[in-house]
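Please go over the structures that come below.
Two complexes follow with chain A in common, the first pairing it with chain B and the second with chain C.
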Partner chain A sequence: MMAKKSPWPLIVMALWVAALALTPVALGNYEVRIAISIAMFTALALSWNIIGGFTGYPSFATAAFYGIGCYVGALAQRAGVPAALAWLAAAAFVGGVSFLLGSIVLRLKGHYFAIGSIALVDISRLVVSSWGGVTGGGNGLNVPLLEGRPPEVSALVLHVMLVIVVAAFLANLLTDRSRLGFGLRCIEQNEDAADMVGIDTTRYKIAAFVLSAIFPGAVGAVYASWVGYIDPTDSFDILTTVKVPVMAMLGGAGTLLGPVVGAVSFVLLEELFWANFLEWNRAIMGAIVVALIFFLPGGILKLDWRAILRRAPRGKPAERKTG
Partner chain B sequence: MGFAQILANGMVLGTLYACIAIGFSLVWGVLNVINMLHGSFIVLGGYLTYFAWAYTGISPVLILPFVAALLFGLGYGLQYLFINKVVSAPVLTTLTLTFGLDMILYNLMTVFFTATPRRVSMEFGRLEFWGVAMPVDRLIGMGLALLLTALLFVVLKTSRIGRAIVAVRMDREAAALMGIKVNHIYAITFGIAALMAGAAGSVFAMVFPVTTNLSGVFLGKAFVICVIGGLGGVSGALVGGLALGIIESFAGVLIGPQNAITVGFVLMLVLLIVRPQGLVGVKGYE
Partner chain C sequence: MSAILELQNVSRAFGGIKAVNDVSFKLQEGEIVALIGPNGAGKTTLVNAITGVHTPTAGKVLFEGQDVTRQKPFQAARRGLARTFQIVQPFPRMTVLENVAASALFGGHPESVAEAHEHAARELDFVGLGHVAHSPASALTLPNRKRLELAKSLAMSPKVLLLDEVNAGLNATEIDGALDLIRRIAARGVSILIIEHLMKVVLSLSSRVLVLHHGELIAEGPPAEMVHDRKVIEAYLGPKFAERFQKEMAGA
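For the complex of A and B:
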């Protein structure tokens, strides 16, 4: 099924990015920090959407791409490369790495692919922490700070993150409306059948995997420049790698705006709970994840709002098909 | 260190690893669920044993059965109430659900037990034979781990419940037609997996310090062992566990303990590609 070419996702997205871009002018430092967080995770969730949503491959490798991006960006900058170039280099490098890794792990399916993709995160972390001579090992790395006063730096980081968001969104949009997206959806429904009708499934899957990797690579590099310090545990975090698919599913995996809606909702919820229930933060997020699986299996965007508003007038609630 | 010593260390570690992975393998093989809770179950078992020992002074070997029973109840309940509802959903759903449950359990443990490393210390000294030195508590741990593994093997092979679990693993529909209550068997399987994890945690706490931060490490080990040994039974976990223990032990001496862990993961990735059914796994169970 090809999505109808509605202009609404584009319009909504343009307005939303514009609103986020204006936060440094309109609001304070705290809000800008949240906006950066939202932009970061929106980019990550949109990237995951290409492999996890369209293609239906349960990838948990996001943190690997993100972490490698952190380190490549940081190392390039420490070697004297200008920040902007270092970010691009990180995206390109992660793209190359994901091409190689993709041609290995994409031969796996289902549970084995999930485990393989988690292993990529673990392996990357272990390699980075034991390769102390280059990466600083467990002590982490200091990254040259961006020039300017703190508010200017935050604004710059936010705008760069938003550029990545737009790029990731365009990648989703083009994938959605092209032959590639059609092929990926076929693979999602039935890979063998897709193969039979002449889709080069290997090439399509690798393309989706690489697309889902380059933006997290860039996000990681920009993040490293922003915070000025990175270490292996933080960069290759198992929480990040599961949070991102959860965000995409929260909004609606495989849709254009789903990951965007999911990332905003999740980051805001997390912020709320961090602020108020520091000790129970992780449990509350876990409860949200569990609730998501049971009550929102299709995501926020696929909710039948009209049915909810009518409050089931005929006594029997309408049955929704999932999956 | 001599060859025999390294091998002996690897085998002790390997039996513990087998015990850690066996429940994970069972759940994956029978329920087709990747259980992200597994690492926390092990840590919970370790903590419960430590605190029961610290407060009562009873020998941890006697505490172990109670911890195991408690974990069985917890596992049965979680499966019956939550995971059974989505058990046939795609891996993304079940993995995410168990991860969410794990976040809750992990948080509860850090609040109630704090993340301080805990270890039951039993002073038994060490034994020396054929030039190999081994602390006695490790030998006890190894013995317990082997005993538990053997026990599960016997239960699966001979008991009615065990045969039903194997039947559900082979063919869910056919098992249901034969009058097996599949949901009940799923819950029991998950309960047994939690029990084995809790018992493994108990044993682990007698040999090494346990802390909440280890839950991810245990989970990673379970992944690697299941892929190395293959799913489909006790033998896979035992072979996988021993293989990983011995490999890590030798790699630790040859290229440093930090790199030894990486070797396990890389080996797993290679095996995933060339032999996804594992070393002793049966094809078709993958």
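For the complex of A and C:
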């Protein structure tokens, strides 16, 4: 039934966020940088989960929201807006944009929607590159740097990213346990039937799309402040848009912790392959994506862990008796 | 008696093809009316036009005297104009109870999610699916899926129910069960428009029959008369057989 409300996802999430938040105290700069990367992609994957997981609309628009967030944050800061306000402004602006774009592309379904959402990334990039007067075009933009020594700045960025992660997680949690989430699951399973039982599918889908857009907008703006320079190819990277759904699916799309688990696993794997197989890392990532689709369609969290753990001790019957 | 659902010259065209052409009729409150016609006559399109899946290209749909021609399907559901699908449409990865609770929650007017579940449980008992409430919807047999469709529609507390071939694919015993269920639904005061191919169902349930052919309403009247109507027989079997049939009937 819908009423089952396990406290475990909340507890696991709280511990995990606390652990990440402590990296600047406990570990070195390299680990903090990875922690920021994990936090960033966790926020993006959790956001994607609302439209891609709960609603079943395979959106590839993440990079569009992220990129627009980069630029709105950067432009606001250049105009003298304080960093924190600029980040909020970016989230709000991207929310508005996604509302308008959503009411157009959400008329498409399945593969058509997927293609349409990729187009949003390219169109946004083209607009930003061509609108040189405002965005600096292909030359990119310098963003005012955050004040402080580098380790302090990294810690601040990490903590802000974690705030976004928590907000995105709460959005997932509330969606999952509310009327909105119930409606989105109906849409995911059978949109015609959802319409027929009285769900205003258009409004619900747009709500999901906007929820999945505001957090990437904020992440983009914070990222821009952190790196101090943005350009169109980096901000609207098609790879970002592909990686995020892969992460969510790796962990388990449509679950609360799936995107979190997926983002950590993916970032760590990527780091491992970059470090050890510099020339082959893209090919290896590609192979992982294919393997994922074939062998793990439900994601890591959907594996029957109990069965796997139960099977493991069978090889050592002696140990079983001691218990 | 007043008309709860009224169609005024409703047409629906797809490109140059008029799937439904200039159809007018009234459904009175508490009435069971059957809509029959050969395959491809436009019966399902007519139901789609009534419930807003396809907006009529001409004409008007009135529900309780209100013009609802341009409504969306979800608005029809919330108004109390429910339908079932010819091809059953469950939410496959939800339990049977959740399927019905979704209808109660979004299409009905419950106070809370918990109340929607209670309402859903009552409707499941009503259609005889109480014992499988917690099975996944995808695990149901065809007759039970049809009952689930009915329970989903009923959970919205409809005033009018449009049944699109709810008995197709059922065997004789199952049909008797379904007939009994439809009678009990009507006894709750729900007006029913039933699309049906099985004459047994049409004859035993409906007080009036509408015959659709090539998108047009070609005959309307009591079921026993419609069975012998020359135009109706022609629509189904062609003019040659209709002639022979009538000669035989006259001879007999």
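Note that in this section the second predicted complex is superposed on the first by the 306 of 323 C-alpha atoms of A that agree within 3 Å, B and C clash if a C-alpha of one lies under 4 Å from a C-alpha of the other, contacts with A are read in each partner's own complex, and residues count from 1 in each chain.
As a convention for this text, a contact is a pair of C-beta atoms (placed from the backbone, for glycine too) under 8 Å apart; a residue touches a chain by one contact, two chains touch by 3 or more.
This one's a predicted model, so the numbers in the text were calculated from it and none came from an experiment.
Peer 1: Mind working out whether A:D192 is in touch with chain B, chain C, both or neither, as first, second, both or neither?
Peer 2: Touch partner of A:D192: chain C, not chain B.
Peer 1: Pick one for A:V127: touches chain B only (first), chain C only (second), both, or neither.
Peer 2: first
Peer 1: Taking the superposition as given, does A:G183 touch the first partner, chain B, the second, chain C, both, or neither?
Peer 2: The answer is second: A:G183 touches chain C but not chain B.
Peer 1: Between chain B and chain C, point out the one touching more chain A residues.
Peer 2: Touching more of chain A: B.
Peer 1: Taking the superposition as given, does A:D200 touch the first partner, chain B, the second, chain C, both, or neither?
Peer 2: Touch partner of A:D200: chain C, not chain B.
Peer 1: Could you look at A:I293 and tell me whether it touches chain B, chain C, both or neither (first, second, both, neither)?
Peer 2: Only chain B is touched by A:I293; chain C is not.
Peer 1: Can you check the complex and tell me which residues of chain C touch chain A?
Peer 2: Answer in residue numbers: 51, 72-74, 77-78, 82-83, 85, 89-95, 97-98, 101-103, 105-108, 113-114, 117, 134, 152, 156.
Peer 1: If we count contacts the way the header does, which residues on chain A are in touch with chain C in the complex?
Peer 2: 1-3, 179, 182-183, 185-186, 189-190, 192-201
Peer 1: For a test of understanding, state which residues of chain B touch chain A in their complex under the given definition.
Peer 2: 28, 32, 34, 82, 85-86, 89-93, 95-97, 99-104, 106-108, 110-111, 216, 220, 223-224, 227, 256, 258-259, 261-262, 265-266, 268-269, 272-273, 276, 286
Peer 1: Touching residues of chain A toward chain B in the complex: what are they?
Peer 2: 52, 56, 58, 60, 104-105, 107-108, 110-112, 114-116, 118-120, 122-123, 126-127, 129-130, 238, 242, 245-246, 249, 279-283, 285-290, 292-294, 297, 323
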